[in-house]
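Data block below; observations after.
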Amino acid sequence: MNIYRNKKVAILFMLPALVFVILFIYYPIIQNFIYSLYRWSSFSEVKVFVGFDYYKRLLSDPIFYIALKNNALYAIISIVFQVGVGMILAAVLEEKIMRRYQTFFRTVYFMPSVISITVVGLLFQLVYNPNIGLLNAFLKVVGLETLTHDWLGRSDTAMFAIIATSQWQYIGYIMLLFLVAIQKIPEELYESAMIDGANAIQKFIHVTIPQIKETILVTSIITIIGAFKVFDEVYVMTAGGPGRSTEVLASYMYRAGFRNDEMGYAATIATVIFLITFIVTLIQLKVSKEKNEA
Amino acid sequence: MANISLRGVKKVYPGNVTAVRNFNLEIEDKEFIVLVGPSGCGKSTTLRMIAGLEEISEGEIYIGDVLVNNVHPKDRDIAMVFQNYALYPHMSVFDNMAFGLKLRKVPKEEITKRVKSAAEILEIEDLLDRRPKALSGGQRQRVALGRAMVREPKVFLMDEPLSNLDAKLRVQMRTEIAKLHKRLQTTFIYVTHDQTEAMTMGTRIVVMKDGDIQQIDTPQNVYDYPANTFVARFIGSPQMNITEGLVRDNDDRIEIVLSEDTIINISQEKEKLLKEKGYVDKKVLVGFRPENLHETEVDELKSHYSTINATVEVSELMGSETYLYMNKFGKQIIARVDPKSKKRSGDRVELRIHWDRFHLFDIDTEEAIK
Amino acid sequence: QSSQPTGGTDQVEIKFLHKWPQPEYSVYFDEVVEAFMKENPNIKVSVEAVGDEPIKDKLRVLMGTDNQPDVFFSWSGEFAAKFVRSNNALDLTPYLENDPEWKNSIMEAGLEPFTYDGNYYGIPFRINGKFFVYNTEIFNKLGLKKPNTWDEFMTVLETLKQNGITPIGFGNIYPWAACHYITGLNQKFVPQEVRVKDYNPKTGEFTDPGYIKALEYFKSLNDKGYFIEGVNSTEHNMSNQMFYGEQVAIIYVELEEFVEVEENLPGKWDFFKMPDIPEGKGNQNFLTGAPDGFLVSAKTKHPEEAVKFLKYLTNKANADKLVQQLGWPSPIIGAVNEGNSPDYLVRGMKAIEEAEGMALWLDTDIHIKISDVYLPNLQELLNGTKTPEQIMAEVQKVAKEVQSEVE
Amino acid sequence: MNKEHNGLSKFIFMFVFLLLITYSVIIIYPLLWMIISGFKTNQELFLEPWGLPAKLLWSNYKSAWDVGVGKFFVNSLFVTSVSVTVTLFISACCAFPLSRYEFKGQNIFLLIIIGGVMLAPQVSLISLYKLLQRLKIYNTYWALIIPYIAFRIPFTTFLIRSYMLSLPREIEDSAYIDGCTSWRLFWNIILPMCKPIMATSALLAAMSVWNEFMFALVFIEDSTLRTIPVGIMNLRSTLSTNWTILLAALTISALPMIILFIVFQKQFVRGITQGGVKG
Amino acid sequence: MANISLRGVKKVYPGNVTAVRNFNLEIEDKEFIVLVGPSGCGKSTTLRMIAGLEEISEGEIYIGDVLVNNVHPKDRDIAMVFQNYALYPHMSVFDNMAFGLKLRKVPKEEITKRVKSAAEILEIEDLLDRRPKALSGGQRQRVALGRAMVREPKVFLMDEPLSNLDAKLRVQMRTEIAKLHKRLQTTFIYVTHDQTEAMTMGTRIVVMKDGDIQQIDTPQNVYDYPANTFVARFIGSPQMNITEGLVRDNDDRIEIVLSEDTIINISQEKEKLLKEKGYVDKKVLVGFRPENLHETEVDELKSHYSTINATVEVSELMGSETYLYMNKFGKQIIARVDPKSKKRSGDRVELRIHWDRFHLFDIDTEEAIK
């Protein structure tokens, strides 16, 4: 027998989690999928079966594509900054000379993620404000007057402004996950690498990264999923505007369901969000697995 | 040039554990220094300080005349075999060995060549693609060794690199390390608890105890002239027999009384020494190694020999040799005799020993009398 | 009195949901409820309050269940109509007919927006009009007067601008702000019957050129630099603060905000309606604004008690209390009067009473799907990323879709 | 070595350090802004958002507290502590076989569990609402606690699992030999080694539960059961928002999380799994 | 009762690495079995299968007549010292040792007593409060050993438990383990690569190579009658010299020609054997151990001895013995002689060897001829 193959014990351990997840996450999802096949509004009891009509409509809905593009943008930028910068920050703070100051920095960097998006949204509305905002003021001070802009009010920059806010808020959060992962790496591997002649960057590439692969996977999955689920930031800062330029899938879903009263359409968008994140996750799991096996 | 000099080096670990205290050692270029000592005496700590992996609490370390206290390990040009291997779990055996070379931008073919050849020597050619996790203990250790062997650094540090290998392989590896030393002509510092390794490989042996150096000398000298009873007991297996004896002036000849029936003669130099240092009529510690007790009659000058009569309690056949355990002078005495010895438990034996083979120590300081 | 389902001491509970959780407001409701329960020991009113935005979600979720509050807040117009169409709102006509005194105490302008197919479904609680509020000191210094026509308005704005004063504080991060302008402009540009027809989901077409004109006029305010910079990233609230800080000369606000204006700029302000546009084909005598109020759930088990409570809430005494305590304009006739209200409120109410009718907020008056296209596009309009024609084309398209969907 | 700074590396250190400090300022400044703004009047906030208040309006903080932040606080505290504790426990239990065992269908279970990460909770709002009513826990603390647990489990499991994956197998082997049951192994060996990730997960879970808004709004009707975010959000409405009181309230509500973080710092133990195995 | 029986046990690791193949071994209750073999031959794997930590690919394992293939390790009542220690990093040394007892609900005082006494034996009393991370290699190993020592299981499995200890400590520990065995009267299975340990501790030795068993026998027999050249070479240090020889019938006497000048006589039994098995005029492999080559004249029957003449290439002084390296029969031959030997590089030597000391192997199968 193999002590690590005892399926009964394994399932026993997982049972509570499974019950919760299935009952309170999957059951609603399935229901959600069923909802997406009907035209209904939340306050009427009549449901009209429309089959996959909403799915067809979604595919020809230009706003859906705007939202999709925004989410993708969100995902890409977040991967670069939250995962990339977060990881580097963590590695820098774990360097021996930095350890003394680590507690301070990690506390500070983590702090924004504790704060409610309401404050952060308001704060950054003010930061981006063309008249009184800090950002434009700063640009003027450093002589980049030409770059001043109505950051949230113009379609070309609004999305980036929101995404930037998110980065500000969550880099520290991701950094913390990396910190925990890096602290777990046996010191002797670094010692061995130093003896092998590795400098800080080489240690990072050849020891740290391979050792925190699993965390990289975890964090990139959550940032991507987070990017596709993003709602609060948009809702608080621009509500999808100007025009529809910062619409994201979740805000569009919200708008469809809770503003326009097309619950079926909202459920459709929700299902699509689920599908996208599901596929992205699958791909990532697969890629990481192949890499591990190679 | 890689002479290494440790001056007053001290290491205190957090929790106030003093692992090394006042360590002074001058290592010539190309020397092969062996550190020995009981478990926990600070051998690994010393190596790690030389490598720069452990902060030095006090003192200075020079490598090739450069004070390296504040030099980063990567800049010390050192190769090291870690006691606990410290292999990169995410790299194949090949990559583990090649990593140090890659970082030094050694050309690819050269890397392959060196790794292959080291792998061959270590008999791990078949394992190059595996991850450390899929290796046996000894195989891991060989990879750790290989990782150092492919390099050509100024200094090699090896921390019990052969402890998990079988005797045969160990002999091979010992030879290979010796060859490596010869070929590269660099300084080696080598930790081992294996007598044979210590005796055969080192140009000098450093014997440590509780963070202190006990003796630094060539292997033969450490064996022949242990500085104190600790070294005497620690080096050599089975251990040296040590017993008390009274120095007696008997008609102008100095002799030592071990027991009523055992009085030993000593050489003239020793006599002079004892007299000069004022040991006459005092007690000293007398040591003699099991392998210097002979069962057979000797034809040389009888006066150079003393005789110990005892009864065998246990005789242990070890294949290539036989140990006889006897109770004498109130303690257990061991003799290592020819395997053809027919002596068994209960037999009486008469063992002879040459007067050059006695070691004399002060009874209080336990230092050798010289 | 009302029919008691079971005699004796059995208490019935009615749930009451309003949207003013802020302590300075909610205290009013708590007091009224308290008093009501004292008078009617057999009725227990449990109050819940959620804020402005959350209540929209809350209502939606609640409507699909059996947990509906018996009396709940609603905006007038389309927002309320939704509940009617989905059979969630109780027809209050019989109750009003049975109690003409009650009915007659309420302004028609307040009741009318809660009608659907000629029946009353809601009782107004507040009534609101939208006015330009201006800084009298600045106007006096520059010798400016309240404008009556659009042209005069433009002159005023231009003068302000020439004098280095940003004319209008306007925060359109949430485009209902722009929509309030368009509500008035549409009303002034589009013939009344066309507009009414267009605003009806079943018949809406939005082909009248007046709609485009309205957008053009609105856009010109921005293009000429009469609005502050970055309108699409400024909150309404923040633009008000700019007015209070005397950084802008004019803001466009609702009657209920007058209290706040007075608080921040006491005695230094006055207001005017949206100026007339003579060339406009619409009725110039309407006022932008709407009532909000309460509906009774169609599923309520205690309609009598619910109505009774509603009646109590909107009686004259409580309306007076509302005006005095919160300074809110009440649709109960005579609630706002010189005796109990500040002058500005009385004048505001008078303007509402004088108006021939009310142009309900565009976003609550047209079908939500149309407004969902209309409103965001107003931001695009201001940014210059879409032309009025493009916008109306989109609106027409969605109006057609809506026509086919609403049976 | 640690103290080593030759010219170049000293320069690099200073440079990096400067960057870190700059970033800290970028973060601290807004936080200070939040705290300071809590002392301002509404007008000061909007007209001079970056200035200092003319006088410190402690009353903002006081009124924030009086508005009910105090009461909400207790609710939040209860809901958060129960949710986080249960979540951590269940997730750790679940992560254990997923990381340490090999069995058929393991990947499917893994997918089922972490699949939950992918769901925007908004999606399930209505179905959950109905479900909670059917379970007769609507408008109780459990109406929040249970969904919070459910929605937190996937990510927490995910985190803990990836940490557990890297713990050395040999230590488990040795525990089995010592006579551990799977349960003892989990409880006495694996969990203690997971301290850092447990602390992190607890922190992250607490954070998200503490700030959760949508469920708290919809699943709780009774204002005596409200949690902080809904309480605070109710202060905000389209027309008249007393922003500065809101900010004061938010400052108060962020405080426990910050304190929690500082407390949990201790759990970030470097090398907790080190020294156990050789090789 | 803990007789252990392994029947046709096989282990294939993922990646198609066969670590153990067809392992058959019957272990009596109270036996002390020592597993030896070159690094990577499957020793640890075998132990791990007995412990239940590794799935058995094929075959059956019985402990005390119970088929344990499907019994959980915790239910096998086993104590094990892991080659890589596998200490609990988050527990103090005391807790590491006490854990197994706590799980078994041993009373608290009893636990403290046992742990304390084990710690004393292992000389780690001062370290009981430390975490494994703050220990030296040898100290960690002793903790690992202590963890097993406090238990009283049916079976002890020890995987190179002394490899990181110095000679002196190792001798002590060896004795302690022997005592433990005597006291507890249970079955021990012990992996080591140390000759002395294998020879002195085991009731039987199992020699493995590449996952196969080569020989199972008592230590003396393995040494004296190696089953094949592998065992012959593996056991004994320095290794046995093995060279080819032609079996020649010379006037009714069978002799073996190693080289032109070296023809060896063999005993009559051996002659008979060679004749019977038809080796006459065929080549065989002849082995003889370095310690059986004597420099000195022998007084016993000359005919029982053969003489090998050679020139010393290297002479290695090892303190208690001297190795002479010579080139002969086209390969290197080692002799282990008395340390008093005066032979140095270049000297000619005449070495004698008794005919009982020759080992004969088939040249193709390399199996001992018998």
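In order of appearance the chains are A, B, C, D and E, and numbering begins at 1 in each one.
Just so it is clear, a contact is a pair of C-beta atoms (placed from the backbone, for glycine too) under 8 Å apart; a residue touches a chain by one contact, two chains touch by 3 or more.
Since the model is a prediction, treat every value here as computed from it, not as a measurement.
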The chains touching both chain C and chain D are A
If you tally C-beta contacts per chain pair, the winner is A-D
So, in whole Å, the Cα centroid of chain B is separated from that of chain D by 56
Whole-Å distance, C-alpha centre of chain A to that of chain C, is 38
Cα centre of chain A to Cα centre of chain B, whole Å, reads 59
Rounded to the nearest Å, the gap between Cα centres of chain C and chain E is 95
Touching at least 2 other chains, the residues of chain B are 52, 72-73, 83-84, 87, 137
Two or more other chains are touched by the chain D residues 2, 47, 126, 176, 233, 236, 243, 271-274, 278-279
Expected list for chain A, residues touching two or more other chains, is 2-3, 5, 42, 129, 186, 188, 211
Chain B residues touching chain A in their complex are 48, 51-53, 72-74, 77-80, 82, 84, 86-91, 99-100, 103-104, 147
Seen from chain A, its contact residues with chain D in the complex are 2-7, 9-11, 13-14, 16-18, 20-29, 31-32, 35, 42, 89, 92-93, 96-98, 101, 103-120, 122-123, 126-127, 129, 132, 134, 168, 172-173, 176-177, 179-181, 183-184, 186-188, 211, 214-215, 217-218, 221-222, 225, 228-229, 231-232, 250, 253-254, 263, 267, 270, 273-274, 277-278, 281-282, 285
Listed in rising order, the residues of chain A that touch chain C in the complex are 41-45, 125, 128-131, 150-155, 158, 238-244, 255, 257-262
Chain D contacts chain E in the complex at 168, 170-171, 173-181, 184, 188-189, 192-193, 195, 271-279
In the complex, chain B touches chain E at residues 13, 15, 17, 36-40, 43-45, 83-84, 130, 134-139, 141-142, 159-160, 163-171, 193-196, 199-200, 219-220, 223-224, 233-239, 289-291, 316-321, 336, 339
